[in-house]
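Several structures are given next for inspection.
Each of the two complexes below includes chain A, the first together with chain B, the second together with chain C.
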Partner chain A sequence: MLMEAKKEFKFILLSIKYNLAREMTNKATFLTNIIFMILNNAAFLVEWIIFFSIKDNIGGYVLKDVILLWALASGTYAICFIFFGAVQELPNLIMNGKIDSFLVQPKNVLISILISKTKVSAIGDLIYSYILLLIYGISFKNFLLFTLFIIIGGIITTAIATIFGSLAFYITKADTIAGNIMSTMLNFGTYPDGIFKGAIRILFYTIAPISFAIYMPLHIIKEFNIVNLLIVIGYTILIVSIAFLIFYKGLKKYSSGNLMSARV
Partner chain B sequence: MNNVIEVKNLSKTFKVKVKEKGFIGSLKSIIKPKYKTIKAVNNISFNVEKGEIIAFIGPNGAGKSTTIKMLTGILYNNKGSISVMGIDPTKKRKKLAYEIGTVFGQKEQLWTHLTPYDNFKFFGAIYDIPEYVVEKKIKEFIEIFELSEFINTPVRNLSLGQRIRCEIVASLIHEPKILFLDEPTIGLDPVVKENIRTLIKRMNKEYKTTIFLTSHDVGDIEKLCKRVIIINKGEIVLDDSMENLKYHYLNKKIIEVKMKEKVNLDDKDGITILKDKGYNLKLEVDIKKTSISEALKLIDSDKIIDINISNVPLESIITNIYKGEK
Partner chain C sequence: MKKYLNIFKATLINELQYVSDIVLGFLSFLIKIFIFLQLWNYLYDDPSSLIAGFSKDQMIWYVIMTEMIWYSTRNKTLVNQVTDDIKSGGIAYTLNKPYSYLIYIITKNFGEISIKFIIYMILAIVTGFIFVGPIDFNIINLPFIIIVFLLSFIINAIIRLIISMLSFYIEDSTPFHWLYDKMIIVLGIIFPIEVFPLFLQPILKFTPIYVITYGPAKLVIDFCINSFITIIIVQIIYLIITSILLTLMYRKGVRKLNVNGG
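Then we have the complex of A and B:
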């Protein structure tokens, strides 16, 4: 079992290495993608600085909290799209019958699909997230917790996208549903949770679980709480198990296809 | 008997949404969707022995690819059983993957930005083969399959023939016992087709690999396979050796004659006039009913300029089998 996991991990790293090699084919595009993503993210922070010059407290957050929130959101997004960059394409791959080549390999199908693409701009997000952590105030404990939480956040985001993407085994146009859920998670996750009231908060604990991916980690970094940390880890294990279960159940309905395709 | 593939009463159905035409049809399909069931593969059974090169052919939509995909673990079957190297593809997909190789002519498995060398190394990692073993294998393949010219050229810059050759080699890196080739020569020119066929034959000879081939190219079937399974509308219509196929179905000969003068002939028992245009004659002789010499007696030999006697092309035979004719 441990040997199997080791082999799978080695394969993931090799896949990402080759993904990056593909993206580096054009050095100029590769670098501008990363740099512009950092600049793009920085523009949003400028907006928040202006907001906080007018009001000291927004939804229970001060400027420093928003910096940590953005660091977590960017880091979560980065981990999801550096390691599991093909998750956004999952419904299309299923609908167009393009997962055949992954099914004839002796590796976990879902992981093989997810790691088959890396989004270069996500490297910009990752660099940006650590720059923000530096501004927030870095310590050994913060660094470790932050790194753990962006990995957890990335895994939760990937799991949710996989669950909704796997609907493509049953319905057409599942890509729209999965896309909407992803957008909800990524957009709402950059606003203080205190501004959201009532029913919308239920959404954050259910179909778009930003609370587990971003808000709870933020509060744990601010004030360490072992129970909350275990809840976040427990939820991650649960949601990943559900994602695998739904994908493999759906796989039995996979109908393949005869479209011409290339692995580019 | 040493069967590496055993298929018993295999069936596969697909549920397809039916939509009426136009915008109203789209609306109706949202409110009350209608489905129809398509039987892609209907109760087929066959075995393949170790080391065989078998052609699995049929017209478009016959169920060839669906069958190959069930044998390789891509699709789940609805009924029946499959055993490939003693493994059920639906239950032990990963275990099966170590035993088989696949090449889909219409789908690339290689990474186009990487060179064949890097691709082979990546495939080695997929199959958990130690690096020094992969290196050794690559050297062997370069020599046997003559890859030295383009081994370090990115796949996207290779010609179609070179790419297909690399696709086949990549599928051999883990030394599969069975190789499934789904239309490997599609879109290739005759010279490259011949190269690929040589490669397939060599694979079968050098590594004793069992080859399960689907192709629309009669040349592939005629030059490579000793056994043919023909599938049509999801059912097996013929499972026989190539020798028997030719013996039973090549009972007709075509005689083409160029004459000095115009001749008029009528059909006789066993002789059908296919073409009678002025100086050119084309007869089909059923040698079960009559002989070539009987047919030639109808023509005045002094008036013949040129004559050609040939078999009915295998392509026509297969087309007739598809249509259910003999």
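Then we have the complex of A and C:
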């Protein structure tokens, strides 16, 4: 079991290495994508400086907390799209019958699909997230917890996108639905949870589980709580299992588009 | 002119097939509005108070209008198609066609965003009525507002094309589109110019934000003929300058175009 996991992990790293090598064929574009993504993200600091000039406490957050929130959100997004960059394309691959080439590989089909692409700009998101952690205040404990949580957040985001993307095995608009869910997670996850009241908070623990991916990790970094940490880890295991279950159940209904393609 | 009208009509008919996609896409617009509604509810301790001269209702209607402009004018043709045409060399095939590539793209863009804008406008107004309630709006001002909206869309399309023209020099212009997106979102959608520090306000009036999002939205929530005249003058200046710049960049770009094989 452990050996199998080790092999899969090595396979993921090797695939990312080749993805990056492919993207680096044009070094100027590669670097522009990363640098501009950092600048692009930094623009949102302006938004929050303006908000905090109106009121110095928003939903229980001060500017420093929002910086940590943004660090977690960009880090989570980065891990998802550096390691599992093809998750956004999953519904289209299914709908167009383009997963044949993954089915014949002697590796896990879902993992092979997800790691087949790396979004270069996500490297900019990752660098930006650590720059923000540095501004927030870095310590050995913060660094370890932060790294753990962006990996967990990235896995949760990928699992959710896989679950909704797998709907493409059954319905035609799955790409729009999955896109909307991803955008919901991304949008809500960059605003303080304290401003949202009532039934909407149920959404954060169910369809768009930002609480497990962003909000709970943020509160744990601010004030360590072992129970909450175990809840987040437990939830991650659960949602990943559900994602695999739904994808493989859907895969039984998959029919090829008879498209001749090769992965090189 | 007739050929461009036909391009517009053909694209429009094609887009009618994707109405359900547009409506589904509205969900993400609704989420954004919901977030800002919560945020501004939090910032306005007293609903009758004013922030930078805006009441809570005006502020939320302002965001609804700017988001509506933004979401309905986002279009892959101006960004992806032009960039791909340049990167792949496909733009070379359009050089001997009996139409201008730039006007073709702008017309195609308008064909694509027209249906989207109408649907978003209806849904945005319904959203505004549900979340905030009606605002003080005089129907007589509508023709003026339509002109300002139309110019806003044209200027936005031209600026997008100018950015896409950078692909002639750096292959992928997408990162520059991100920066443009963020400039509009952060400086032109979330807050009216009046919310920014006093020293920044005159500078912001020279940026595309003033003619693309702030101007049209401000006229909807608080129409004033003097504001209309100022906005329209700035829009015309922008239109002239950006059109000249786009033409120059395109002419210079196609001269240095290298196409390998075909």
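The working rule: the second predicted complex is superposed on the first by the 258 of 264 C-alpha atoms of A that agree within 3 Å, B and C clash if a C-alpha of one lies under 4 Å from a C-alpha of the other, contacts with A are read in each partner's own complex, and residues count from 1 in each chain.
Just so we're on the same page, contacts are C-beta pairs under 8 Å (C-beta built on N, C-alpha and C of every residue); 3 or more make two chains touch, one makes a residue touch a chain.
Quantities reported herein were computed from a predicted structural model and do not represent experimental measurements.
Participant: Look at A:Asn225 in the shared chain and tell me whether it touches chain B only, chain C only, both, or neither; answer first, second, both or neither.
Facilitator: A:Asn225 sits against neither chain B nor chain C.
Participant: With the two complexes superposed on chain A, say which partner A:Ser139 touches: chain B (first), chain C (second), both, or neither.
Facilitator: After superposing on A, A:Ser139 lies clear of both chain B and chain C.
Participant: Would you check which partner chain A:Phe11 touches, where first means chain B only, second means chain C only, and both and neither mean what they say?
Facilitator: first
Participant: Check whether A:Phe51 is in contact with chain B, with chain C, with both or with neither, and answer first, second, both or neither.
Facilitator: The answer is second: A:Phe51 touches chain C but not chain B.
Participant: Regarding the shared-chain residue A:Ser241, is it in contact with chain B (first), chain C (second), both, or neither?
Facilitator: neither
Participant: List the residues of chain A that touch chain B in one complex and chain C in the other.
Facilitator: Shared contact residues on chain A: none.
Participant: Where on chain C does chain A make contact in their complex?
Facilitator: 20-21, 24-25, 27-28, 31-32, 34-35, 38-39, 41-43, 51, 170-172, 174-176, 178-179, 181-183, 185-187, 190-191, 195-197
Participant: For chain A, which residues count as touching chain C in their complex?
Facilitator: For chain A paired with chain C, touching residues are 26, 28-29, 32-33, 35-37, 39-40, 43-44, 46-47, 50-51, 53-55, 58-59, 121, 173, 176-177, 179-180, 183-184, 187-188, 191, 195-197, 200.
Participant: Per the contact definition, I'd like the list of chain A residues that touch chain B in the complex.
Facilitator: On the chain A side, the touching residues are 7, 10-11, 14, 18, 21-22, 25, 98, 100-101, 103-107, 109, 172, 252, 254-256, 258-264.
Participant: In their shared complex, at which residues does chain B touch chain A?
Facilitator: 14, 17, 65-66, 69, 72-76, 93-95, 97-98, 100, 102, 104, 106-114, 118, 122, 125-128, 156
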